[in-house]
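Notes follow once the structure below has been shown.
We just call them A, B and C in the order they show up, numbering each chain from 1.
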Amino acid sequence: MSNRFKNLIVPVLAVVLGMLVGTIIMLVTGYDAGAAFVALIEGAFGDIYYIGETIRQVTPYILAGLAVGFAFKTGLFNIGVEGQLIVGWLASVWVGVAFDLPKIIHLPLAVLAGAAAGALWAFIPGFLKARFRVHEVIVTIMLNYVALHLSNYLIRTVLSDKSDRTPNIHDTASLRSPFLEGLTDYSRLHWGIVIALICVFIMWFILQKTTLGYELKAVGFNQHASEYAGMNVRKNIILSMVISGAFAGLAGAMEGLGTFGYSPVRGGFTGVGFDGIAVALLGGSAPIGIVLAALLFGSLKVGALNMPLEAGVPNELVDIIIALIVFFVGASYMIRIFIERLSKKKGVK
Amino acid sequence: MEYVIEMLNIRKEFPGIVANDNITLQLKKGEIHALLGENGAGKSTLMNVLFGLYQPENGEIRVKGESVKITNPNIANDLGIGMVHQHFMLVEPFTVTENIILGKETTSGGKIDIKKAEKKVHEISEKYGLAVDPHAKISDISVGMQQRVEILKTLYRGAEILIFDEPTAVLTPQEIHELIQIMKTLINEGKSIILITHKLKEIMEVCDRVTVIRKGVGIGTVNVSETNPNELASLMVGREVTFKTEKIPADPKQNVLNIQDLHVKDSRGLPAIKGLNLQIRAGEIVGIAGIDGNGQTELLEAITGLRKSESGSITINGKDIRNISPRKVTESGVGHIPQDRHKHGLVLDFPIGENMVLQTYYQKPFSNKGVLNFKEIYKKANSLIKEFDVRTPSEFTLARALSGGNQQKAIIGREVDRDPDLLIAAQPTRGLDVGAIEFIHKRLIEQRDHGKAVLLLSFELDEIMNVSDRIAVIYEGEIVAILDPKQTTEQELGLLMAGSQRKEAGEEANV
Amino acid sequence: MKKRKFGLALSLVLAAGTILGACGKGEEKEGGTADGGDKESKFSVAMVTDVGGVDDKSFNQSAWEGIQEFGKNNGMEKGKGGFDYLQSKSDADYSTNLNKLSREDFNLVFGVGFLMEEDINKIAGQQKDTQFGIIDGVVDQPNVVSIMFKEQEASFLAGVAAAKATKTNKIGFIGGMEIPVIERFESGFLAGVQAVNPDIKVNVKYTGAFDKAELGKTTAAQMYSSGVDVIFHAAGGTGNGLFTEAKDLKKKDPSREIWAIGVDSDQSTEGVVEVDGKKHNVILTSAMKGVKTAVVDVSEKSKAGNFPGGETLTYGLAEDGVSLAPLNEEVGNKSDIEKAVNEWTEKIKNGDITVPGTKEELKSFKAE
């Protein structure tokens, strides 16, 4: 089995398996599985409005997937994408609210603020890992909570007067586009998708074409050899986390400047950062794979909203089906390792 | 004579290659039978066929005269075939006994009867002189002891035929000696052994017969008593091989490496190098001889910038390189062939071509303003692959997929190509076959002849004696003697390495 | 420069759209009524929940109950063309769900919760043929009716009841998030307590979430152990933790007199606990918010063609939009409390006093 083919077949298989088990569950519980999937697809692509909504949902998924995937390519497991996304969201909205500038300056500034905040938030675990060998998984998980509550606190006290959300950003910082909205019959589609696709290219370019990417990958694959070859392992660990965090921060900025236009006080996590882990795994951490996986998750998320109304499938069942697909995606990662081990053993000595 | 195992005309194909072509191997009861071949000749494939991991396309396997189909390792186990793998399959936090019974737990009423198992392990250990403590944890025992646990595991499962896959590759000379004793005991107790190896010395010492395969083809089986290492080597490689490395006398020039009163601590913070002095001149090879753990690793790491030293001085061509970053050391003209090529020498998941620029990727022409120039990288890689005879399907093949010898050739090519003034070669031939060893020795001597200083670290005395122009004996973090290989013997070296006789460093034999 | 022009052009288009939209409004209103008779047979109504979900034992549930009741009374069926709901899993789903329902040609769509203000405002401008209702929020659009409640009036009465029932003179308040609705609950409650006895200390805690029952339980445990004997919650699902804690304490020591006060609907069924074969109930009363009533009311009006578009309907004590649930039979001085509650009810209804709806107003509030 060629590597390329394996990379393709494993995630496809995972999705098919997830849908299959979902179908069985629906049949057993007495729902019309065919109608449910038709509703799912129609809810994601059946109307230009839904297509717009799906693309809107895909945007943060791509960026969150890139964040997880980038760190993963360099051997780090960034579970903190959720937290970096939240601080990125807040920072971009803050800039969007606090300043009054021409769009040509204001919008890029707000977007960059989001990226910078995410990068800074990811710098902490990167630094702790490089300097004190503290495992990044633990630090990033904890920082997710810090980000959530810090952001809520700032919104309530600094950014508003005890309100449940920030004021709306100025139009000059908004990614919203009447043109795109008009094109998609008033969906919330915004320019963020362009930024996300640019980031896909950036990730590919960094990893494949630059000395920086060469170093990052080398450190990810083999820290010892990289150190022997004269690379600064600590610097690379930090850098990898920072770039990953910048992607995550951008994902937040897309939500803050595009979809919402403000930042709410949150009772819990957005979930986009965690879904990003599944997106990256399903996409094999490769830029194009991430785009496709994000597309799948985005359409599931948007399309699933249609299932209760069109097919009468209860919300809980919809959640189960999505969870099943995520489960098999996770399992696909195990399957992949299993296949790799198997083929390694079979190599001729 | 009765054959316990017969593998007749075995053929095994993988997509695109024939790994085993018409190979016959017959194992007599009570003999040690060597399976000899270069890396990649198809030895492991053949043994995996016997162990049930692969199914042959052609041929027949007979056990005690009866034709059998071995479709998985469990069947092999049931037939009394046990394999001692080169890479141990042990669970580190478990005890010896727990590891041995894993998968074959003796239970009483659903509970593991560890006492009973321990007793049995102890009995087997006694019987074959293995001296294994059934209660010890795997993580606490030496590599040699771990290997005995693997042997015990096969015996515990009732193996009559033991396959040893390159068992000496990971062992110290002392441990190799002990292993040979154990093998002899096993034979005396009625077991039969297949020994996969490419080390001719071991075959001559311990084996009865030897089957040679070359590039997947069976060359034939000979009695060890009727052959000699030279003949075996040429059978294996397919041409004449010289063991004594040909070289002209050294013509050393100015000092390149100068180490004065160096103090280095090991990872636990204990002194490992204690006031070491060493000079290496342009145009000579200095071999460091010593028993593992006398500060060799720390010395090399201190020179290459991977480990901070406490005090003293290290200079290259008069330039102080002590405690500067590995990259700066590299740029000061030091090449390093690391001890562990998998861990330190290569990024196995990179293509071999990209591994060729592991230290130079950031320099022109391989990159410009941070953007890699793959055309130049692969041009360089291709020329090195040709020049150093690295056998790889292409320059885009992952380094992982190459054989050990070819990986090492790639590393040497990379290091030599940077034209360093000092080339450090740490165990450059570990685990390689004679063909590759010969090649690497030639390259090291070539560097010397080009006026480079070469520092050779090896645990193989043959290699030290053959290749070095001067031998520096290291003992407990100091150079205790400098010897001329022409005027010393293995016995003398052995004694010095064991610390029995100290000589003032540098006083002796300045060649 | 070019970009600027492009932006200008876009805003012109947008402005034109708004103007045209405004023109359309007048027509639409007429058209809507004209169509009324035609549509009557197939009038359909739906709602979008907030993230709390339709079974939150709080206002999402009340709203859904209202829609179900309305549907049943009018012989409608669940599903498209009848009555239905969509659940939101995150903030981002509000817009999609509201859009979906209006695109599926539901005549009247309720958004439950102030968080949907923004989205309804936008979508109402786009989907002019659909009538919207927002609960707990205000949207100024001709096809939106805003439904507000004077929560402070119900919670004022709850405060009165709590102040009368407490023996330790320590009372607790657990809020969900610090948002205007909850502030109304808090201010009214504090005013009610103060009106009875200004010396009573009220311990106010916000948990920061509406769906964390565990958090509610720990907060309640802290309060009860510090001597508080009556706790009022306005925290949705988080408040369920309060009931659990109260019941647990009651189970341990049935003689201990501790009370919890429910919110939004009569939550007395949540407070039943059986100790040694004897049934107790820890819920003193509940500050009820007539979401159900309001939903039915607006639906009826809409069906009859009298949709109060553009208006803000405020439901208070006088409109029977909010009220206090019947008092617990177990409480010792029940008649005493009832009397006080009735007195204050009258005063509020008559307009003798205005219950404060913010903490600012509370500061200047004086009973009598």
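One rule holds for everything that comes next: a residue touches a chain if its C-beta (ideal position, glycine included) is under 8 Å from a C-beta of that chain, and two chains touch if they have at least 3 such contacts.
Just so it is clear, the model here is predicted, and its values are computed rather than measured.
Student: Which neighbours do chain A and chain C have in common?
Tutor: none
Student: Computing the C-alpha centre of each chain, which chain sits at the greatest distance from chain C?
Tutor: When every chain centre is compared against chain C, the largest gap points to B.
Student: When you average C-alpha coordinates per chain, which one falls nearest the overall C-alpha average? Tell me, please.
Tutor: Answer for the innermost chain: A.
Student: Using mean C-alpha positions as chain centres, tell me how far chain A is from chain C in Å, no decimals.
Tutor: Averaging C-alpha atoms per chain gives centres 34 Å apart.
Student: Counting only Cα atoms for the centres, state how far chain B is from chain C in Å.
Tutor: The separation of the two C-alpha centroids amounts to 76 Å.
Student: Just how far, in Å, is the C-alpha centre of chain B from the one of chain A?
Tutor: About 45 Å, centre to centre.
Student: Within their complex, state which residues of chain A touch chain B.
Tutor: Those residues of chain A that touch chain B are 209-212, 214-215, 217-218, 221-222, 224-232, 345-349.
Student: What residues on chain C touch chain A, complex-wise?
Tutor: For chain C paired with chain A, touching residues are 3, 7, 10, 13-14, 51, 53, 79-80, 84, 86-87, 89-93, 95-97, 99-101, 103-104, 114-115, 118, 123, 126-127, 177-180, 183, 208-212.
Student: What does chain A use to touch chain C in their complex?
Tutor: Residue list for chain A touching chain C: 43, 47, 49, 53, 57, 103-104, 149, 152, 156, 162-164, 168, 178-179, 182, 186-188, 255, 259-262, 264-265, 267-268, 270-271, 302, 305-306, 308-310, 312, 315, 319.
Student: Can you tell me which positions in chain B touch chain A when the two form their complex?
Tutor: That would be residues 14, 17, 19, 39-40, 42-45, 53-54, 304, 306, 325-330, 336, 338, 343-350, 354, 358-359, 361-362, 367, 370-372, 401 of chain B.
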